[in-house]
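So that you can tell them apart, the chains are marked A, B, C and D in the order they are listed, and the count of residues begins at 1 in each.
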Amino acid sequence: MIDKRCHVAEALKDVSDGATVMIGGFGAVGQPDFLIDGLVEQGARDLVVVANNAGWSRETGIPRLFDLGRVRKIVCSFPKNSPAFDDLFRVGKIELEIVPQGTLAERIRAAGAGVPAFFTATGVGTQMAAGKEVREFGGKTYLMEEALHADLALVEAWCGDRWGNLSYRGSGRNFNPIMAMAARLTVAQVHETVDLGGIAPDEVVTPGLFVNHVVDINGVARHG
Amino acid sequence: MIDKRCHVAEALKDVSDGATVMIGGFGAVGQPDFLIDGLVEQGARDLVVVANNAGWSRETGIPRLFDLGRVRKIVCSFPKNSPAFDDLFRVGKIELEIVPQGTLAERIRAAGAGVPAFFTATGVGTQMAAGKEVREFGGKTYLMEEALHADLALVEAWCGDRWGNLSYRGSGRNFNPIMAMAARLTVAQVHETVDLGGIAPDEVVTPGLFVNHVVDINGVARHG
Amino acid sequence: MAEAIPLDRAAMAARVARDIPEGWIVNLGVGVPTQVADHVPLDRDVIFHSENGILGMGPAPTPEQFDPWLVNAGKKAVTLKPGAALFHHADSFAMIRGGHIDLCVLGAFEVAETGDLANWSTDSNDKTPAVGGAMDLAVGAKRVWVVMEHTTRDGRPRLVKTCSYPLTALGSISRIYTNLAVIDVESKGFVVREMIPGMTREALQNRTEAKLHLAATTERLS
Amino acid sequence: MAEAIPLDRAAMAARVARDIPEGWIVNLGVGVPTQVADHVPLDRDVIFHSENGILGMGPAPTPEQFDPWLVNAGKKAVTLKPGAALFHHADSFAMIRGGHIDLCVLGAFEVAETGDLANWSTDSNDKTPAVGGAMDLAVGAKRVWVVMEHTTRDGRPRLVKTCSYPLTALGSISRIYTNLAVIDVESKGFVVREMIPGMTREALQNRTEAKLHLAATTERLS
C-alpha cells in the first residue's frame, strides 16, 4: 500500500548540508512553518532557500533558520519586512539573489515541467538582464531564464491523502503547487488527512506523484 | 454588468478567412462540436486548425470543416482515424504539421503565458528537430520550440458563468484550458450555465479572464 | 486665481477609478493603487486580480468575513466576490505575462518621458532590494498606469527625461496620475490632459523635469 | 527439446506487469502495453497515468460505471480509482517531461542496441503520420520499456543495430519484452535476461539483428 503519511523527522531525515530548499508561502499564508521547525531540528546547514519572501514573523519559519545561521543564500522576489534577514544581509552574512516574482514562479514551474530554459520579457533593460542572453521574437526583446531546481520542497496544503494528493485553502496555493513539482524530495504539511477520494478528482490541485511525504500537523498520530 | 453569455452566431461573427483556430478535445471528449458547426455556418475559409486529433466522427466537428474545404492546414499530434482528413491529405489538398503531443501542449501554454519560446528534450535526434535550434543545458541536449498562438479558440467545458469561468468534466479538460489561454478570442460551449459563485473559487479551472464568450448548448435561451 | 490645492491620496485613487470601465481585469499595486478599488462603484463590474492567485477579489473583510488564509499581494486580508477563482503563482503570472490583465496601476519613484518606469529600488545601500511582481506586471499588462505624487517630498521632479533609479521596465507606462495632473505618455513625450484648478502650465513644468506638451484641451482635474 | 512456444500478447503483458513494483506511477501506450494494467494484482498499489489528463486510472467500466466523458489515451472508456486526479494537457506533459512518471511501457517497430526507439512512423506514404505523445514519453519517463513481437510478421528482426524507421527518441529504452525473451539494453548493447523454454541463444540470435549478450544467468521466460 502506498502511504506517504509520516512524521516530520522521518520525512526530513536525509536532507544534506548545502541543500537547495524551496519553501512555499506568500506573506503569512501557505508557509510550511511546522516543516521548517522540523528542518531546524534536523540540523542541515549551509542551505540555499528559495522563497518569495524572506519570512514573515521572526519566531518561526524562515527567519528562525536565518537566526540560527543555517542559510547561506536566499533566492527571493521580495525580502522585505524580515528583520532577521536584514540583520544578516547588512553585515554580508547572507547572499541574496533577487528574482522578479513571475520569473521566479516560471523558473520553478519550468524545473518541474522538464523545461531547462525559456524566454520572458520581464527584466529586459533592467539590472535583472545582467549576464543573461537577450533575444528577439516577433520584433520584441526577451531574456532567457533557466529552470530553478531544488533538492527539497517544503509546502503547505490544507488536505492531503496517502497518495500525496493535495488541496489548498484560500490564497494558500501561491508557490506551493509549483514548488512541489520542482524538487527531488517534496514534503507537504497538511491541516487534515483524508481518505483516498476525500479530495474529489476535479479538486486535486497537486496530484500525488509530485509529493513524497505528507505530514499532518494536527493528527500526526492518526496513521500508524 | 459583465455578461459573456451569447449565441453562437454572435460569438463567431468576426472570424476572418485565414484565421488560426484552436479546437479542444481529445478523441471524442471535450470537442466543441456545437461551436464548429457554428463556424461552418459562419463561413470562414482557408483556416489553420490546431487540434490534437484530426476529428473523430465524420458527420460533425473538424471532419465537417475538412469535407467543406474550409481548412488549409492542420497542426496536430495524431491525425489518425479521420477518413475526411486522409482523403484530403492523400491528394495533397491539406497541409499537415505534426507536433509531438507534449510539445503541442507546451507551445500552446507558452503562448497563453507570454513565453515566446522554450527548450524541450522531446524530438531531439528525430525528424522533429529539423530546422530547430539545438542547445545543451546541464550536459543534455534540447530543442527550442516557439509559442503557438491562435486568432480563435473553440473550447468545450461543462459549466460556465457570465464572467466566463469554466469547469470541466472527466477527461474533458485535455487541451481546452490551455487553448483558452492562447487565443485572441476564446469561445466556450458549456452544457450548463450557472450563477456567479456556482463554480466554487477552488474549482474554477479556466478563470473568466481567458474567455470572451460562453455559449450554452442546452439553454441558449436562458439568458437575455 | 486661488492657490492650487494638490489632490490627496484618496482623491488621486478616485480619479484613477473614474477611468476604469466595466469589464476590465485590473491588478493594483500596493499603496495608493490599492485604494483605487474603494472608488470603483459597486455596480460597475470590474474584476480585480491579485498576483498571489486571486481573480475576483472583493474589499477588506468585516470581522465576520475575516479569513486568515486569504490575503492580497500586499498581504492584507481580503474577500472573494461571487465568481472569484483561486490559482497558483505560475498560473497567476501566466495571466500577467500573457497579456490577460487589462490594466495594472502601480506606484513609482520616477517615470521617464519614454514611459520607462523606476519603482522598485532607490539603489541606496541601507534598504533591502525587493522587486516583487512589479517587473512582470509592468511588461505584461495590456496597459500600465502610474499613480504618484508629482514630486518627491523635497520637491524633486518624478516625471523625468531619464530615470535616475534602477529601471523596472522600458517604455511601459501610458498614463500618470499625480496629485497635480493627469499626463499621458505618447510618442512625443508627456502630454498634459488634466490639471488641478489653479495650476498653470508653467507652474507644472517647473515641477517636471521633462518637457510637458499640452493636449488640445486640458481638463480640470478634481 | 520441445519446440519453443512464443508468448501470446496476454502473456507478454503479464510478464511486464510482474516487474512493476508497488508505488510506481506508470503510463501505458496503446495496444499490448495497455493490457499490462490487467495483470497488475489488485492489491498492488500502482498508479496509472494517462496523458490526456488522468492520474489514478482504473479498469474499463462496467455498463453501470460507463461515463462517455472519461477516456484514456487510446480513447477507450476507463474508470477512476479513489485518489484519482484530473488535469489538463500542459500539466499532464509537465508530469511526463519533468520526470515524474516512473515507467512508460510502449510498443515499437524497432529498438536499436543503443536504446534508440522507432515506434511512430514506418515512413511509407500510404499512411498518415501521427506521433501522439510517444516522443515526450520516451524522453521524459524515468524508465521506458518496450513490449513487442521479437520479429515482424515476415520474420524481420525488430531488435536492430540501427533503426531503419524514423526515430522516436535516442537511447531511451532500458528493457524490451518480446514474445521470445526479456532483454536489457545496457552500455554494451542487448543483454538477454530471460528466454522462453526451448529457445536457444543461437535461435534467438538468428531472429535478432544486433549482437546478443548473455547475462550471467538467463532465466526461463513464462
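Some notes on this structure:
We adopt the following convention: contacts are C-beta pairs under 8 Å (C-beta built on N, C-alpha and C of every residue); 3 or more make two chains touch, one makes a residue touch a chain.
Just so it is clear, the model here is predicted, and its values are computed rather than measured.
Think of each touching pair as a link: the shortest run of links from chain A to chain D has 1 of them. Listing every chain that touches chain B and chain C alike gives A. Note: centroid distance chain A to chain B, computed from Cα atoms, is 33 Å. With centres taken as mean Cα positions, chain D sits 56 Å from chain C.
Chain D has its Cα centroid 30 Å from the Cα centroid of chain B. For chain A, the set of residues that touch two or more other chains comprises 106, 109, 113-115, 120-121, 168, 202, 205.
Residue numbers of chain C whose C-beta contacts span two or more other chains: 86-87, 90, 93-94, 96-97, 140. Looking at which chains touch one another, you get A-B, A-C, A-D, B-C, B-D. The part of chain D that touches chain B in the complex is made up of residues 50-54, 67-72, 75, 86-90, 92-94, 96-97, 116, 126, 128-137, 139-140, 166-170.
Taken in their complex, chain B has these residues touching chain A: 106, 110, 113-121, 137-138, 140, 142, 146, 167-168, 202-203, 205. Against chain D, the residues of chain B that register as touching in their complex are 26-30, 52, 54, 77-80, 82, 85-86, 89-90, 96, 98-106, 108-109, 120-128, 168-178, 205. Chain C meets chain B in the complex at residues 22-23, 25, 45, 47, 49, 55-56, 80-87, 90, 93-101, 140. By the touch criterion stated above, chain B contacts chain C in their complex at residues 1-2, 109, 111-115, 161-163, 165, 181, 195-197, 201-202, 204, 207-210.
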